[in-house]
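A, B, C and D are the chain letters, set down in written order, and residue numbers restart from 1 in every chain.
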Amino acid sequence: MTLTQNAPAPHQAPPMQPTADQAVLIVHGRDRTGIVAAISTVLGRHGANIVSLDQYSDDPHGGAFFQRTVFGRPDLKAALPAIEEDLRQELANGFELEYTLRDLSVPKRVAIFASKTDHCLLDLLWRNRRGELPVNVSMVISNHADSADEVRSFGIPFFHVPSQGADKSAAEAQHLQLLTGNVDFIVLARYMQILSGEFIERVGVPIINIHHSFLPAFIGADPYAKARQRGVKLIGATAHYVTEDLDEGPIIEQDVVRVNHAHTVAELRRQGADVERSVLSRAVLWHAEDRVIRHGNHTIVFQ
Amino acid sequence: MTLTQNAPAPHQAPPMQPTADQAVLIVHGRDRTGIVAAISTVLGRHGANIVSLDQYSDDPHGGAFFQRTVFGRPDLKAALPAIEEDLRQELANGFELEYTLRDLSVPKRVAIFASKTDHCLLDLLWRNRRGELPVNVSMVISNHADSADEVRSFGIPFFHVPSQGADKSAAEAQHLQLLTGNVDFIVLARYMQILSGEFIERVGVPIINIHHSFLPAFIGADPYAKARQRGVKLIGATAHYVTEDLDEGPIIEQDVVRVNHAHTVAELRRQGADVERSVLSRAVLWHAEDRVIRHGNHTIVFQ
Amino acid sequence: MTLTQNAPAPHQAPPMQPTADQAVLIVHGRDRTGIVAAISTVLGRHGANIVSLDQYSDDPHGGAFFQRTVFGRPDLKAALPAIEEDLRQELANGFELEYTLRDLSVPKRVAIFASKTDHCLLDLLWRNRRGELPVNVSMVISNHADSADEVRSFGIPFFHVPSQGADKSAAEAQHLQLLTGNVDFIVLARYMQILSGEFIERVGVPIINIHHSFLPAFIGADPYAKARQRGVKLIGATAHYVTEDLDEGPIIEQDVVRVNHAHTVAELRRQGADVERSVLSRAVLWHAEDRVIRHGNHTIVFQ
Amino acid sequence: MTLTQNAPAPHQAPPMQPTADQAVLIVHGRDRTGIVAAISTVLGRHGANIVSLDQYSDDPHGGAFFQRTVFGRPDLKAALPAIEEDLRQELANGFELEYTLRDLSVPKRVAIFASKTDHCLLDLLWRNRRGELPVNVSMVISNHADSADEVRSFGIPFFHVPSQGADKSAAEAQHLQLLTGNVDFIVLARYMQILSGEFIERVGVPIINIHHSFLPAFIGADPYAKARQRGVKLIGATAHYVTEDLDEGPIIEQDVVRVNHAHTVAELRRQGADVERSVLSRAVLWHAEDRVIRHGNHTIVFQ
């Protein structure tokens, strides 16, 4: 494990304007009459104005309830503990709901995992530097050292944790040591190592992955070559939360690009890389803005 | 004006399942703390459960407020007058808001205006018959008689009101006679006549229009030929509400298709027709479901 | 089997302008130096002008060769036999090539197979009537009688051949009797019966099928419900040639539409139906214009 | 003007594999019987195999003729002068045609012009470094010094030529001095200065520009704010060749992204930047591969 951190990049873009004096509240649980009223009444009591509210119920008769509310008021930071306490009491009051409340002026902290292929990694770093991705990139972890200089030129710590064969426990122990307490979520930006179920559980934060997608699916090695043999006309990518079932977790975002018979396997990969990086950046943005709610094996995305 | 109505078509699809015991409430006005709470409290008081709620404010500090709420309760029809009265009192209470409340079991009534070109007209009728477009098509009005049999085979009244040169007042008087009291909105499905400002005002219901769109715009006659000369790579369509400023009203929906140099003008028109009918059908669907709120010269669309 | 044919529809659109005095030549085989020169020299010898030529070789070093050439000359029909004989001799001359030559003024004859679901069937009939699909629809065959009147109102013969349980041989014998000698290709427009390998071989014409597609694939019954549980963000469709491997034949065209968590299974199906009909109509158009060349398990599509 | 060149970047990607022993021939002029035969006969005479051939005629009766041919043979470089001479004689022989012949192993040289906004500039440099864009970036010229370090970290010369008010002649003289003899085409990657007609003529190489596009168009300052007021649902970009008529030159490529009412002007700009960079990179790729033929005010693009 290498632990050098470069100096900040010399001509960094102006820091993204944090959304001052606004917070986002996610409420999720069993639908019942009166939830919206209860929440909005609490917010009103504290002089908070609702900036946007998205609510969705997957079955009007006792289904699951999802609500994303952005609200604001002057001097929010000082008022937030009282608002939260009030919400806690109100929502405990006979509702079966979970909620999270987050000050939007504090960006989420993310660790990006990468391997040799760096198109997704760099796309995230560039967007972040341009102010398009409201996260704090705490660190980049890779099983290859190749991207170290590039990452550090963004002023971001780079840690090289080589893969160590079939037994990943030593590498994962290093990962946990680096991550614990330091990040709010993890992005696998074409990270080519499989995470153990134990790691997923112990790290305790959401993990977003990106992988190629085809219609139909091509199982096994070299899916681009197989896709070309079948003559597919679309190449896609899927961003999803990582669960123990590899590549079977809740989907956050998908997209495709059009290809044709004249595209070589290399060109299909290039097109695939393009759609991967745009799909991943949208998934990370939406997660960063608390627009994605996991429920069972799918997601509610309030765009 | 021809006023024969055909018998209903023999093998009509099953009527669309009306959304029983649900209503949609649109609230629109000046943003202020407490609106969401006030509305949801009223609904809760009447035992109504919120099925979906979309709220948007275009400026957290005193901007405009938009809310679409779908709610339900058993025996809604009987309860609706009391809910409406309660809402009226609550929202009058210091808020500057307009609202509309509509029983979703009663589809909106629409008149479709068409000319010779029938791709948009027929697409709407087919979708309606398939149960994909929850409207009652009260009548089709055309300045050409060509589509009469086709329209009547759907069991829908067809009225032929020929265009009458520069002075449209006689034709528009016939239109008003047919429409007044009978429709909730009008769709111009490639209707090639210009409506007078007086007609728009007197008919008093929203009018949706579809027209081709290009980047850049091509002004004047035969835009497809001009688009081909410039070698455009995209052909688009825009559905919008009709205002006195021709083709300048609030946009509801837009889309494009990809074309290339080998497309003849006739093929560009065919592609344009395809995108026109899909854009128009989405705009009509969203209007029918009260998903579109007009505000100034634009729209809020809660999809 | 019902064998009544309706009178032609009363208000048929003007017949599609056949492409007079033009032919399309497809050449396909082993790449070798000199093929393009040989073909274009023959055409030049007969005073034929090349309108468009697309050529593709999947490997510059001895791969497969594909060429689509549209050419024209005055009084083509009379000249075509001599052109064909000349091509036959020239291409026999040391090349390993197959070719087909077709007079573009004679549209291909197609039979459409359908079941209860009629969105794809009707879309093809409407496009054909509008002059957008240059084929002769010789007949519609269905295992349900529901669409008979609708189909016949287009002036097209409708044959009801009920499905007959596990043993399809009697039904397929009827199919072959109807089809043999009468059609150049077959379209399965959401035909819900499986064709036997024997039928596919004996009918001897290309068969195009459409089916829904998802990323990832959802195997088994009710894929839309499974897609919703997984929270897919795209719904797709694939048009392909039918081979004995069900749904595994060479892909002609694919497309997707965007969906979200709020779409019910019924809405997903409606969106799927929309993308199915547009994908199928493109595949049929390209096949009708000889733009699709099968090669192994994929296709070359010269758009 | 600053003229320092940095050392090559330390961890440059492997150089793009040049397409060895292949050349591209573009032929463009008046259609006549026999052109394809004449060209392919010449190529065959020199043992050259045709890898791909796209031909298009905009009117079968004496319209304009366009052909792109990629061909290869062993030891192409040595054979090319004789092939060219043979083509010259053959095409002079009664045809009214222009042609260009280019060895594909020698990438085109490009100068990129930029201003402060660097998303398009950096996207081109990244793609080039990843081997996705087969050009030699000879230099970057900007009227701002901000991007100097970033550009030089790619090992590419950066020249700062400040804008000098209304009279651009001094700056343009510097541009000409830098460019003359050094580049095959120029890309304006969000370069915010207007080029004089004299410069366009004197520089003598094609210039590609990118600009935002809307349906409808929004003229004048701050189009994104106007687009938001009108509630557009699509934001687009157009890449085109620069002519003296500002933003009116032949279109190479266009694309759009979907937006909605909740997007702020800043978000619309971010979305616009994304579509700009992808459209520009496609246009540059296609120009680099000689896939684009200018004709009148439009382009033939052989994809």
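Here is the rule we go by: a contact is a pair of C-beta atoms (placed from the backbone, for glycine too) under 8 Å apart; a residue touches a chain by one contact, two chains touch by 3 or more.
Since this is a predicted model, take the numbers as computed values, not measurements.
Enquirer: Measuring between Cα centroids, what's the chain most distant from chain B?
Expert: It is D whose centre lies farthest from that of chain B.
Enquirer: Check A-D against C-D and say which one is joined by more contacting C-beta pairs.
Expert: If we tally the C-beta pairs in contact for A-D and C-D, the bigger total goes to C-D.
Enquirer: When the C-alpha atoms of chain B and chain D are each averaged to a single point, how far apart are the two points in Å?
Expert: So the centroids are 43 Å from each other.
Enquirer: From the mean C-alpha coordinate of chain C to that of chain D, what's the distance rounded to whole Å?
Expert: Inter-chain centre distance comes to 37 Å.
Enquirer: Spell out, as numbers or ranges, the residues of chain D touching 2 or more other chains.
Expert: If we look for residues of chain D contacting two or more partner chains, we find 52, 56, 260, 262, 303.
Enquirer: Chain adjacency by touch: line, ring, star, complete or other shape?
Expert: Looks like everything touches everything, fully connected.
Enquirer: Can you name the residues of chain C that touch chain B in the complex?
Expert: Residue positions touching the partner: 10-11, 52, 119, 122, 126, 130, 132, 146, 149-150, 153, 260, 262, 270, 274, 278, 303.
Enquirer: Could you list, by residue number, the parts of chain B that touch chain D in their complex?
Expert: Its residues touching chain D are 56, 58, 213-217, 228-234, 236, 238, 247, 250-256, 260-262, 296-301, 303.
Enquirer: Please give the residue numbers of chain B that touch chain A in the complex, ascending.
Expert: Residues of chain B touching chain A: 22, 31-37, 40-41, 43-44, 47-57, 60-61, 67, 72.
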